[in-house]
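Next come the structures, one after another.
One chain, chain A, links the two complexes that follow: it is found with chain B in the first and with chain C in the second.
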Partner chain A sequence: MPQTSPRPPRRAAILGGNRIPFARAQGAYAKASNQDLLTATLDGLVARFGLAGERMGEVAAGAVLKHSRDFNLTRECVLGSRLDPHTPAYDVQQACGTGLEAAILVSNKIALGQIECGVAGGTDTASDAPIAVSEGLRETLLELNRAKSLPDRLKALTGLRPGDVLPAIPQNVEPRTGLSMGEHMALTTTEWGITRQEQDELAAASHQHLAAAYERGFFDDLVTPYLGLTRDDNLRADSTVEKLATLKTVFGKGDGATMTAGNSTPLTDGASAVLLASDEWATAHGLTPLAWLVDAETAAVDYVHGAEGLLMAPAYAVPRLLARNGLTLQDFDLYEIHEAFAATVLTVLKAWDDPTYCRERLGLDAPLGSIDRGRINVTGSSLATGHPFAATGGRIVATLAKLLHEQKQQDPERTVRGLISICAAGGQGVTAILEA
Partner chain B sequence: MTDLLTTIITSPVAKKAGVPQPTPLRRYEPGAPVCEGPVLVTGTGPYAAQLREWAGQLGLGLAVAPVEGAGTADPTAGATSLNAPNEKVGAIVVDLSDATDPGDLAVLRTVAPSVKRLRPNGRVVVVGTDPAGLSDPAHVATQRALEGFVRSLGKELRAGATANHVLVRGEAWDGLRSAVEFFLSGRSAYVDGQVVRVNDAGGANSDILRPLEGKVALVTGAARGIGAEIAAVLARDGATIVAVDVPAAGESLARVANEIRGTALHLDVTSPDAGARMLEHTRSRYGRLDIVVHNAGITRDKLFVNMDESRWDSVLQVNLRSILRMNEAILRDDGLGEGGRMVCLASIAGIAGNRGQTNYGASKAGVIGLVTSTAAQVRDRGITVNAVAPGFIETDMTARIPFATREIGRRMNSLQQGGLPRDVAEAIAWLVQPGAAAVTGQVVRVCGQSLLGA
Partner chain C sequence: MTREIILDGPPDLRRIYATAALKRGADQDRLPDVRVLRRGVRVDRDNLARYAHACRFTFSDRLPLPYPHLLGFPLQMVVMSQRDFPLPLVGAVHIENVITVDRPVSLGDPLDVTVWSERLRPHPKGRQVDLVTQVSVGAQVAWRGVSTYLARGDEHHDAEASEPPSLAPLEGVAAGPTWRFGEDTGRRFAGIGGDWNPIHVHAVLARPLGFPTAIAHGMYSYSRCVAALAPRLPESGVTSHVWFRKPVRLPSTVRLRTAFDERRTLSLLEGVKGDLDHAVVEHTW
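Our next item is the complex of A and B:
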């Protein structure tokens, strides 16, 4: 029998996206679960694209803060949505890279011809966070379960200590260092000498850009209101450098501390979803691709022993991605660099422009160089929208795809290109190239 | 929607105390008979025989009018004689389109014994000739007299029964059949004392259960209330729906669109490119646009002397200007095509006026003007444009009216009750049928023959 010949890869189109407005934790979505948020987001996507009853190739999504009951979160959301229940689904979890990684997974299956269409997404709620029993109580309960006789059961219970009854609340802390993400970032910020002024400027710009985008109706086909919220409620349209300068620092130590609640992202609730498909599926459904996801690269750094900053992995991923595609850092019309903290964006930009860092850490002959700041996060990013961990990737992919499509319409002859860079907990970084 | 006071006055105790209780109206069910039989078709006009044949085809059963001095031979085989005691009639259709002299109107009096035997939710439909096409004063007067008769009879009928009037112009059989079917059916449950003109355009529904099969319909203001109901009813009748509403209403819009497997299009009808974006969306997703329902509207009530600029402007912008602007795109040559249908939501306030609604009344009267003139402009292209003017409809908006005012509004009509959003939707669903090609430039009131207005 002849061997089946491999199909040539094709490009995966981004047809659009939908998200709910992001809400600061303990706010509008305080009582909504991850399943509520993601189901509402999927249904909003279904309505925009007329997908009710449609069987999709797959839905890949996830959450970072997850209850044990949500072991099959995405599939449960699909079953609760208007999609055809014959649509398979699976959960993805790569910290803040979850949403983008999900989009990469779906687009790769489309590129390989394994599926024709799919939805990638993510959701997170810091409000409806899982609370676990302490390790001591958990061990006691398991022991109790194994015990067969009454004396054994009583013996198991004697192992319980008063402190064990306190619940374990999830913390934004790296398990291997015990430092919070903000504290990690503060170390990197100091190392690179990023000033308070620079960070506040970037934060103010994020708010102003997001507000302007809402004003021009940019998000009309990207956001569906939820539970009475019509815009991201972290947005401060009147944010200025002067106002941000009055805030107290929250991360870092002493006079050298520069990071405030204004130039760091707040805990946020929200969800996002992106519709991806082959060109053929798009045509058959009367949908116009906004852009194509052409390549992606994920890197990880050893922030535990390797003296590298926790959020510096994208600095490594991007040069590898550029080299593989024969591009320079300047070959992009737009850049979406996730604003975990204002300093995260500023550090990575400085790193790419630093000859010593590029040579010694990234192994490059020459620095990647600088980027036109007017092309970065042009409709605002996480500092303004907020950052529901797993939902950020989907927000960025759909936003950038629409921005590229707008630019393409101005100049149909030219390939318009965008770069996404998202840092994630555990010293990871997910990056991707979109083209229109 | 029901509060304590409403519960009390509709309770059995209130009924015993003599508070008039409204009859539950018979509403359209796909697949059910058009109306209860038998149907008495009478009159001297040329359509009577055709109507009788058509009613027979629908399986409604025919009736023969009771005659003074019973025992007369039954002229129609299988017909029910109303001479028999306790025999009821479901509907009466009288064709007097040939009447030229006031003396010819005496035929109406022969129908009286049958009207007495009309079932609850029964129907009276009188067919006349459109006086606008006549010139002889006696002829015009005779035909015009029918309208006064119908409107008065509507006020006399009880128990959910209605009287309506169809005026024909030219060889209008297709249009007449469509209008008579509408008035006999539960689709017209809350339409009473109305006059509809039909012209000689031909058209028929190919699928009785799903007359809008294959059509793409766009409904503005579809996120809630009457708009959501219009979307649901058009979808039930077979249309694919593009549900439009402002981005802020997106959550409920998504629910409406998903329920009927349509698409949600988030846009503000007042934005300059609204019409172009609607066309672009329907054309790219479905390759066509057949039906447009301009339903989006707002109220910003205030007495005229206290009316500020923003109340005035926003109501006129949303309710009137936006339609004019969207139509520039929708009615372009590459927009609504042959067989296209457009319905605009007018209001009783645009006909009779309403205290505190000078802005709203102006905008809705404007809509009526827009409809009649646009209908004339696009008639050659096979496109119809009509208005539906709701009276008191039970919605979240009317539920907020104070009890006494609301109860008066609700009962001040021949059917002694408020209508449902579905009643408005059913009238629209009829106007956009392929079979309703002969109905254009009309204003159909869905008001239970409200005492307000004509």
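Our next item is the complex of A and C:
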């Protein structure tokens, strides 16, 4: 029997993306489900790239806030879309890293020659959030279901306590610490001495950059209007440091608190999708790759007992990613650092530039150094767009791929490179390198 | 001379039902020459969401193919409640519906909705009439629906009735989407579509009208069928034809079997046991 020989890996191209405008929770998309949001987003991608009736290698997507009935959410969305129903799909969930992790999974299969094309995406709605019954009621109902006789049923019901009838509403809280993400971030913010002024400057810049990108038509082929929205409705084009300075702090305690609703991301509804393929598939379909997903690294930190900040994992992922690819932190034209909070971005930048932290925590001989701030989140990020958890990765991948493609067209001889860094709940961080 | 009734808002259907219950239909062979219209209608986003979720369409800016019928339905009631309208409003049965989409209609489009009646004609079991709903965006007709209603009465054995196409293509199609329609299906859809005809509301109200249980709205069953096929249908240039057969008694479990062709789908909505045909649905483009 002849042995099969392994195929050499190839690079996975990012051909483009589609998302719907992100909407603040309980607003324009209040009545839309995750399935609506993701199906509409897939259909927008289908329309943009002529994929109607096309069998894709796979669709990988997910949602963080998910109803139990949505166990096969992505496949259901494929069946409701104009894609060929022979397209397989699966759900991914890695908190705020979901969208980027989905893109990594799809690109890896393309790189290995297992598929020729695929879609990575994510959706989330904080408006149409799942509400579960309380644990006490759930246990009683299960017991009732198991009970065979009337006395057994009555006995099961006696276990019910008055408080059990109240529903359990999902909370943005770490199960092991009971702290919200904002409260976790506030601890790190204080530890690193990140000022209110810095945070508000970063937030204002995010809004101004996003507004400018919309003005120049940058999002015309990345965003499809949905339910009357044409732009992210969290965007405040006239945002300034002065206005942001007037807001009350919402996370952290006492006079040292610096985090406000203005320099933190709001709860948001939205969905995004990215089209990935082999170069051959792209050529055969007359599509031009914007960029290629070169490599990725995911890290996790031990935040539970306070050894590290909840959102610091990307600080660990990036040096490992750089070392594997023989790059320095400065070898990038553009950086996309997810703005979970303004302080998240500022902390990780400070950490990479801190000799002690880099030596003691990251095990590096020298700090990674600083980054030209003019290259970070140049078309705005989550503070301005909002952050529907699983949809953020797809937004960032498609945005960065297009930005790199624009730079490449200015200077076709040079390799242009971008870095993505996304922090996620559970103390995780997903990072990736894109090149054009 | 055509009389035009221009409405500024949706008519109060409760009042129409209350008065129509007492009315038997004018004793004449002519349709009133009347057109009822509403200009600049905006689809209510929340109502669209409820309709889409009830019928399993994707809730998006694009109106589901049958949705404009909901905008025309109250105007149909106004036409049929005119004093000189020959058929009774309560008791008239929706037996057939044809929708043609010339261009897709979107959530934000200002819609002009016009309804009139035409083609009063004998049916083997009584008399039938077409209620035509036309939806325009700007000057262009985008959507047209023809709803055929039957009023049982004198039999006309030689009258022509529209027959659905042969179901031969469905032989060998063993499976399809299967749905449980709960007892409250009619009330739920009445809350969305505004058709509070008592036969859909509750068995207690349906019994005096000759039904042992409440029955599902034909437009609900049909909408479920279209929703199940929607991703495979073009957005415009499509005609959707339904022939209603036996009503769906609530509660029931029904199944949709479909044969797909190059430019056509042919479906049968039937009781899950295969003993009752509820509707035949054909799409062509």
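Definition applied: the second predicted complex is superposed on the first by the 435 of 436 C-alpha atoms of A that agree within 3 Å, B and C clash if a C-alpha of one lies under 4 Å from a C-alpha of the other, contacts with A are read in each partner's own complex, and residues count from 1 in each chain.
Criterion: contacts are C-beta pairs under 8 Å (C-beta built on N, C-alpha and C of every residue); 3 or more make two chains touch, one makes a residue touch a chain.
Predicted model, so just to flag it, every value in this text is computed and none were measured.
Look at chain A after the overlay: chain B and chain C clash there. After overlaying the two complexes on the shared chain, residue contacts for A:Gly217 are found with chain B alone; chain C is out of touch. With both structures placed on the common chain, the touch criterion links A:Gly193 to neither chain B nor chain C. Look at A:Gly159: by the touch rule set out above, it reaches neither chain B nor chain C. Shared-chain residue A:Tyr226: touches chain B and chain C both. Look at A:Leu79: by the touch rule set out above, it reaches chain C but stays clear of chain B. Of the two partner chains placed by superposition, only chain B is touched by A:Gly50; chain C is not.
In the superposed model, A:Gly306 makes contact with neither chain B nor chain C. Of the two partner chains, chain C is the only one touched by A:Gln35; chain B is not. Set against each other, chain B and chain C differ in how many residues of chain A they touch, and the higher count belongs to B.
None of the stretches 113-121, 149-157, 185-193 or 203-211 of chain C clash with chain B in the superposition except 113-121.
When the two complexes are laid over each other on chain A, chain A has residues 40, 43, 82, 225-227 in contact with both chain B and chain C. The residues of chain B lying in touch with chain A in their complex are 243, 247-251, 253-255, 257-264, 266-267, 271, 284-287.
Across the complex, chain C meets chain A through its residues 45-46, 49-50, 52-53, 58-61, 107-108, 230-231.
Per the touch definition, chain A reaches chain B in the complex via residues 40, 43-44, 46-50, 52-53, 82, 217, 219-221, 223-227, 230, 285-288.
Chain A meets chain C in the complex at residues 31-33, 35-36, 39-40, 43, 79-82, 85, 225-228.
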